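I've put the structures underneath this note.
In what follows, subunit A forms one complex with subunit B and a second complex with subunit C.
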Partner chain A sequence: MKVKVLCRNPDDYVRETTRDIQRVPRNYDPTLHPFEVAREYTRALNATKLERVFAKPFVASLDGHRDGISCIAKHAKSLSTVLSGACDGEVKVWNLPRRECVRTIQAHEGFVRGICTRFCGTSFFTVGDDKTIKQWNMDPPGHGLQEEPLNTILGKAVVTGIDHHQREATFATCGQTVDIYDEQRSSPIRSFSWGVDSFSCVRYNPVETELLASCASDRSVVLYDMRESTPLRKVVMTMRSNTLCWNPMEAYYFTCSNEDYNLYTYDMRYLKCPVNVHMDHVSAVLDVDYSPTGREFVSASFDKTIRIFPKDKGHSREVYHTKRMQHVICVRWSSDNKYVLSGSDEMNIRLWKANASEKLGVLSAREKIAANYNKKLIEKFQHHPHVKRIARHRHLPRDVLKQKKQQREMKEARRRKEQNVRKHSKPGSVPLVPEKEKHVVAVLE
Partner chain B sequence: MAALLEDAAKGAHVERKTNKKPVKRYWEKTEDLKNSDQNTSHRSISTEKTADRSTATENTGSVKRRKGRRIPSGKQDPFPGEAPIPQEQLQKYQRGSKHNVPKGSERRLKEAIAWSEKVSELAQKQAARYDLLLPEDAGFLEGDEDEDTCRISQEDIADAVDITSGSKFFNLHLSQFGPYRLDYSRTGRHLLLSGRRGHVACIEWQSKNLTCEMNVMETVNDIKWLHTEAMFAVAQKKWLYIYDSEGIELHCVKKFNDVLKMQFLPYHFMLATASATGFLQYLDVSVGKEVAAICTKAGRLDVMSQNPYNAVIHLGHSNGTVSLWSPNQKEPLVKMLCHRGAVRSLTVDKTGTYMVTSGLDRKLKVYDIRALKPLHSYFLPAGASYLSLSQKGLLSAATGDIVQVYQNVWGGSPVSKPYMAHRVRGQVWGLAYCPFEDVLGVGHGEGFTSMIVPGAGEPNFDALDTNPYRSAKQMQEWEVKALLEKVQPELIGLDPGQLGKVDQGSFEQRHKERVDILGYDPLAKEKFKPKSKKKGRSSAGSIEKRKRKVAYEDHRDVIRLNVEEKVKHQKEKSSESQQLGKKSTLDRFRKQDK
Partner chain C sequence: MTPCHVHVKDDLSSQLKPVSLFVWGSDSQRVLERLMFVVKGPGGFETRADDDLHTRSKMWTSGTSNIHLQMSYFNLNAFQTHEKLSKVDLSDLLGTVEKTTGATKTKKQLRNLQNRNATLELPLNKEQTEKIERSVAYEKSTKEVTNWQSIVIQNQKAEQLVFPLNQEPSGPKRVEQVVARWKAVTPLEQEIFRLLHLNKQPVLDPVLTEVEEASLMAMSLEEATIRRAELQKARALHSYYEAKAKREKKIKSRKYHRIQKKAKRKEFLKQFEERMTTDPTGALEDLKKMEMSRMEERMSLKHQNSGKWAKSKAIMAKYDESARKAMQEQLQINKDLTQKIVTVSDDEQETPEESETVPDFVNEVEPITDSVNPWMRSRIPQEEPEISCVTPDKPQISEEEEEEKEERNEEEDLLADFQRRRTLRQTEDDDLIPTAAEEQILNTCEVSREEVVGEGTVEISDSDENDSEEEEEDVSQFNTLFKLMSSEKTHEGPALTQDQQEDEEQLDEGQLRVRNMEDLEGLEVSDPLPGTAAPPLMPQPTASEPTAKKSKREIDLSEVLTKEAITIKVAMKPTVLEDEEHEEQISIIKEATRNCLMEAGLVDDKLDDLVYDKKKYLLKNVSTVEDVFVPISGEPGRRLLHVRTSFQTGKPITVTALTRQLRHPSVIISVNINHNIVQIQLHRLHLDSTCHSQQKSHTHCILGSVLNSSIFNKHITKGNVFSEVSSTVAPFIERGLQIPM
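Entry: the complex of A and B
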């Protein structure tokens, strides 16, 4: 007779001393783990619920300005420094970790229209309604000294926007024309116009650094090459674009915020039809900024909300609002991809988390693993109706919700009418126009 | 021979190269290098040569690097690549079949499917490789030549094995409160005993430590552990009671009356009870609510089992049928006729594939309950009153006062004799295998017997699921985790993986709705639009001709299909007629197969 009976030595399964961690022998045999899918689904549901529970995106509010914020700029080198300009011509430099204003400059008379920092981070430029372009030192002046600009250029017309070149000592401004300045000279080295009387925004391409894009008041977005004397091409849309932002990773894409409540992502090489139309705002979109990873962007709107869109999705993944936040004028995504800054009409700059439920601070390894696992679970079960409903739900202010409903109804009515017209007319005479193609009027070379 | 020649040729080739001296640099120690190189194989020299030619400045450095990578002896790695995994091990961790990429699907979808396939394959391989690290092997019992394993007595086995294992064979003489039911906890550490006449005891059976003992002064029909060793449910004469491990009555659940049998669904935290009034009731023990009460309309329910794979409750009835129930449906999921007489006992294996039933017709039947087909039918002279399946698939059947254990009941060939047998003192009343141990507990009229059945238990447990050696702290943590991932009763159904599958029906429905909204079918084949050609080839006539061509092509496909079908049909017909032709008039008296 040969016999063997299961007999375990407890020493192999119990920790030796109380200072050890517990032994956890595993056996991955699927028959020992029944209801895999159902249990995983339950975990995913819990993770989704917890994500909503922990979604507390508001971090801080920076107050100190005495008028509405008109523009915000990130520091090119320092994560903790942010500059902001207000409608009374004041510029403030903020320290984010300490959440306080470190410097205040009365830069202009009237609005500060634009701020940008130099690529080296040693100085910054401001433009204002007083037709001047001023360059300031980033370091504050010594004790008892007056705040004096390093350089002042007096322009002929009001300047509405400014952006600095990525590597060279040139910058571009926009107003009645788009002007390229050399830092050493007081008159523009190049000046572009294309039958337009005013521009609202100009941005350098972050990769092809000689390229520029601007939003004009004739409902167009114009592309330029700094090395040429004439603009490259422009696309005319049904409504005016307010600002635009280049995708920092795929720099042939740019997104512009439009007055018709939408944002449009264009491929620079193919302007005939936008790559994507991003809808969700219920009022004009005033500003847009990409995350440094180029996967998402944030938009600020006149409807008192800011929204975060994935770059290839038509609808937003997140909406932020507070009771006190008024029309949001400007918004920036911080360079560490963690925060979003928004400046609004009621004189406050607000700091938000880019990922609403993310835990701030140092995470332990187990916390990180758990967070990653939960993220993957939510992704895996995202299409299940129950998970989807919880993950998608956002509380909205009453008037935003009302307007959303109203607009949905209007859209539905329009669609219904078009369908009826199509039904009762000659086949082919009322073509189906995709949403993307509806908004482009013309492309000019 | 050819290989030898080749070698010789290679040698000559290298020789010729070495004759051509490279330009000597002042930093090189060429003499030493060359000597050592000639000792090693040809390849290193040739590599040195190539490196030499490409970048003369990096010469010495590159040679050194190459040398470092090679095995010093110059031999080849005898086991190149990753270690192979046996097919059956891989099979064990296979979850479903591979996804096919639907034709004409988006690039992104294709990539996503390919990626997920890759990841799951990696997971499968890693899990299969982990099998090597499992610490324990399953037990076994082998007789000598001309010795049946079923003739080996328990005493012999207990003597043959080590003391700890030997002590697992023991008898408890409890003749006063007669026949005993039993239940092992999920970790296999604790044992519950309940005598028909009210005796309830819970024992840490390996240390023989009595944690609580009492008499409820009522008839006890059944007893079951709840999710931990801290609580158990007792079906008494009238109502269902819940006690804690000290024997203190926690609840008297008066909604559950005349309960005869109970099953605990550990992942759903539900206690399913079958009553004498024909009700199947579910109690959620985490919140204390009745989840469902189903009137089965099948009389007294005293045969019950759960399918551990999908938490479906199997009930055996007095008319020979077995019905499958989920709490979400007032009707049985499946109802199958298994026996000519009443069903006496049934049990389901842990993979949810096989069900074993025994009936008053003295038959023991094995069913495949995925296909709902009988596999084997055995005749037991005395009939089996109780059945139980172990984690490793050993079947124990109680016939009167004899407990028989069978091996390989659902294998290819039918079983002829038992693997083990043991006679106890009284009529068997309860039968259960201890999880993760080679032990079978038998409750009978004269008490309780613990039998050693080598090869019954799963040798390797998963400590995150059920850990027999868990500490108090670990148990607390496990309880919280288990409660957090409690599976909702709505998810109980025949296929537990349903949730992870694509809902095909609703896709069709959605497509239909989409067509209604759009007013056209977005997935439909596009109408052929002829290209405009130059040099007069785009005349109305030629365009029409091209259109016809395509139309004919489509038409031809349809015709081809039709013809194929017709040919197939004809073949079938002819084969039928051939069979008919062989038929004689006397065939009508033959017994019909169907």
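Entry: the complex of A and C
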């Protein structure tokens, strides 16, 4: 006689070692979890709240300069090294993890206008108000020796900006003209000018390394190719651009910070209108730098705040400010994508986290999983009013807030007026100009 | 001048010989000088020989001092001023052609050119040429840059990006990798490599070749024979034991097997007792084995006293001593078998309890009620849309009775309601594809207007028959105005939508500083939601109606069914309406409601009552409402109607939603906002979803680990952009190029 009996394989329910996690027989039938969506919503809400509560972006302040910071440069190879130039001609080399100055050089008389490191990280260049370009060794001089530049180039006019090529031994400066120098020569190998007498910024394209762009005082942004003898193209805007930065991952996009409180992202192939207008600042934007991932950029403004914009959004996702931080002159995004450095008028360099609520240090696997889950939850419920309200809330100083309100009103009034004009004039006679096209005056060939 | 300098100069002149030979004819000395100058460069070689400590810096300074004399700072064609030295002219080179032999063709061409008398065209002016040069250069570089487009787009679309992108494993590399990358260039190297390949030189394990290995593996004859003998013996033994086992198994005698078994057991017990003293862990294992055999035997249902033998013995036991004994033995064995051996692990004890804790309904099969949304299968009623049904049997009951009844069967009603709503919604979803609700009326009025145009059904409500004509006028006015606006809209469209988008992404900046959770709670509660900033005015309830009742339900039946039943007399056929459509619709209403009422067994004239009441209700409610939602928890609000008041008359004109209302005659769609729900409700569809159901399914997709396996969970929660800690993210570089150090 054969009898069938229930027989369970002990492998299914007996744990093999004492360290095994007991297998929980789980039913994935959704009917058994009718409140899971609601539960996730609550979790998302809590995650958002915690994110805001733990949003403490300020990491450190590096003080030691005796005048306002005029420029900052990242080290090409070392994440822990940062160079800064001040308005009194002093250049300092900082060690970030130790948060201290490791070297001080009296580089120039007057402002240090620009600073950049060589791609290999062995030396750096400074330009100053004393019309010189100096190359310095990254290693401090031996004991008893004086700080002396490796090379000095005397120019005839003030040089206002400098940038080094990504791979070759050439660098570009700007002043009255945009000049390309070979490191081995004391005279420029190429010199570009196009009816302008003053440039404020020049930057190499980090991807397509022969391309350059510069901001000029005639409200224009000019493109160059190092291999050509002439500039490529020029776009004139309504107000002057202060600085620009190329997207390090997308060869043809660059963003320029403008005096009219906005930033403009251009596609260099279609200069007629910017790809995006980024507005939120309430005063002139002085500097901009892309994150090395090319997804976001940070901007420094005269309104004493720095803001982080996603590259394709019109408004900022983050605003950083402290009571003591004055007009922010320069800003850089660290090359590991984790930090932002800002140099301001009141002689301090501040180190901020790029993600305000990110936990620093090594995360355990569980922490990582939890963080990822929370991030996804917030993303999923980001449009729900409560979550949105909490996630979007930022504190702003009173002055900035006031200015912001004012400007909003002004803008609204302008819009209304335009609308009225349009309403009372012949249809079609007052064309509707999109915001993007308003700011470009002309594209010169 | 140092000797070194002289040496350099000599060297150069020797190198320059072939060139100078070529130029030697006319004023060779001058050309040589010129070339020397060009080659030497501005800094010259003079300073190279300087043996000072700070050679380089001095060189630079001296170089700079020289250069400024010769060239203008801003114009790099500097030597032009210096007696036009910078270029070797074409004429210089061509002049010598005449004296050389060969190149007859070019000579001829040159001569022809010289003899030509035609005037050349004026070259373009400088501005024009520059412009052309610039545009050509620009075209070139844009083309170059565009090569990156595919990569850029690919990265933009990528689900996850891990930076640095072009990662190369750091640290020492294996020899093979290096070897594989290295390519033989010179003929000698190629020869060597060819030889190596011919011999099958291994790449991975460079110690031995295949041939060498084969030779190592080879055995001598003696070894081979010994090994063969060993193998033979093993095979023979194996087959012997196999045969033995088969034979034993074939024996059918029960007695034999019993004896065998007993012997085995005895031996086993003996061993066990021995082991108890010597090897306790082994004994434990034995014990387990015994337990297993016991279990097996118990499971075999032997010794249960249910077999033929047992039954017969039981009968015989009265009479036979031996049978009684056998019976007792049997019972004893059974008892023994049922008792466990004492040492049992904890896990085994726990398992049955655990199985008990799982509720029974786990194994129940759930009927799928909603095919669209698997999450809605549960029987637990979820929050439902505020579509309330006016069931046909309700209208005839008077208010008080109705109230009582409501209290009595509230639960039943609720359940029935839910059921009904569910079915209703299922049917509705097809024809009532909802548009996203939008709250910023100010910003989006144009947009919404466009949507209305898109639907193309501009209709008016049929209010009182008296002023329907007046309404018609309104409609026409409205239509013209509408067209005007829509034409205007086509201009204004993109800018405004951009505005709206911007509003969406903008940060909420305020003076409130968030320091802890309490602040956030405050933020949550205190702040009026942007969507609910201006809650629409509700129609004032009439004095007779208690307000308490209103709070109980969104639509009060008493409000819907006013007591003025006298007005029933209003004709079945709306006399004044001219519009065909309206007639049609009203007839549809009547048809439908009549059907309902017929089913319910009601009298005919009540039907008009209902129709009238509904119409009245609609107009009354709709007239004041500006923008209307049907709030559904977890879903975006659906904009059902968008109402604009006519500019001139100030009278309400309702659009599109009324048609929907009319399509479902027995339903009154609530136009009121439930403020409690709106607080946590989505107000519009968002970019990533195109329709309401998509958004809903997106919301109902669970991310957590409760309903997902851990691997899937990890997959869906991974971040979009991941950059490693303390690693530099370098910009893209062209492939094939390495950064020189």
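Here, the second predicted complex is superposed on the first by the 420 of 445 C-alpha atoms of A that agree within 3 Å, B and C clash if a C-alpha of one lies under 4 Å from a C-alpha of the other, contacts with A are read in each partner's own complex, and residues count from 1 in each chain.
We take it that a contact is a pair of C-beta atoms (placed from the backbone, for glycine too) under 8 Å apart; a residue touches a chain by one contact, two chains touch by 3 or more.
Keep in mind that this is a model prediction, so the values were computed, not measured.
Residue contacts after overlaying the shared chain place A:187 against subunit C, while subunit B stays out of touching range.
In the superposition on chain A, A:30 makes contact with both subunit B and subunit C.
Contacts of A:42 after superposition on the shared chain: subunit B is touched, whereas subunit C is not. Once the two complexes are laid over each other on the shared chain, residue contacts for A:343 go to neither subunit B nor subunit C. Judged by the number of subunit A residues each one touches, C leads among subunit B and subunit C. When both complexes are overlaid on chain A, the residue A:4 reaches subunit B alone and has no touch with subunit C. When the two complexes are overlaid on their common chain A, residue A:77 makes contact with subunit C while staying clear of subunit B. In the overlay built on the shared chain, the residue A:14 is in contact with subunit B and with subunit C.
The contact surfaces that subunit B and subunit C form on subunit A in the two complexes overlap at residues 1, 3, 5, 13-14, 25, 27-34, 36-39, 41, 43, 384, 432. Put simply, subunit A touches subunit C in their complex at residues 1, 3, 5, 13-15, 25, 27-34, 36-41, 43, 49, 52-53, 55, 77, 79, 119-120, 148-157, 166-167, 176-177, 185-191, 193, 206-208, 210-211, 223, 225, 228-233, 248-252, 268-269, 280, 292-293, 295, 313-319, 335-338, 362, 369, 372-373, 375-377, 380-381, 383-386, 389-390, 392-396, 398, 401, 404, 427, 431-432, 434-435, 445. The part of subunit B that touches subunit A in the complex is made up of residues 92-93, 95, 127, 130, 134-144, 147, 152, 156-157, 160-162, 164-165, 168, 267, 308-311, 350-352, 436-438, 452, 454, 457-465, 467-469, 471, 473-474, 484-488, 491, 496-500, 519-520.
Within the complex, the subunit A residues that touch subunit B are 1-8, 10, 12-14, 22-39, 41-43, 46, 384, 419, 422-423, 432. Residue ranges on subunit C touching subunit A, taken from their complex, read 41-43, 54, 56-57, 60-61, 63-64, 67-68, 71, 73-76, 130-131, 133-135, 137-138, 140-142, 144-146, 148-149, 152, 155, 161, 163, 165, 299-301, 347-348, 351, 354, 358, 362, 366, 374-375, 377-378, 380, 382, 487-488, 491-492, 494-495, 498, 501-502, 505-517, 520, 523-524, 527, 529-531, 634, 678-684, 686, 698-700, 702-704, 706-709, 713-714, 716-719, 721, 723-733, 737, 739-741.
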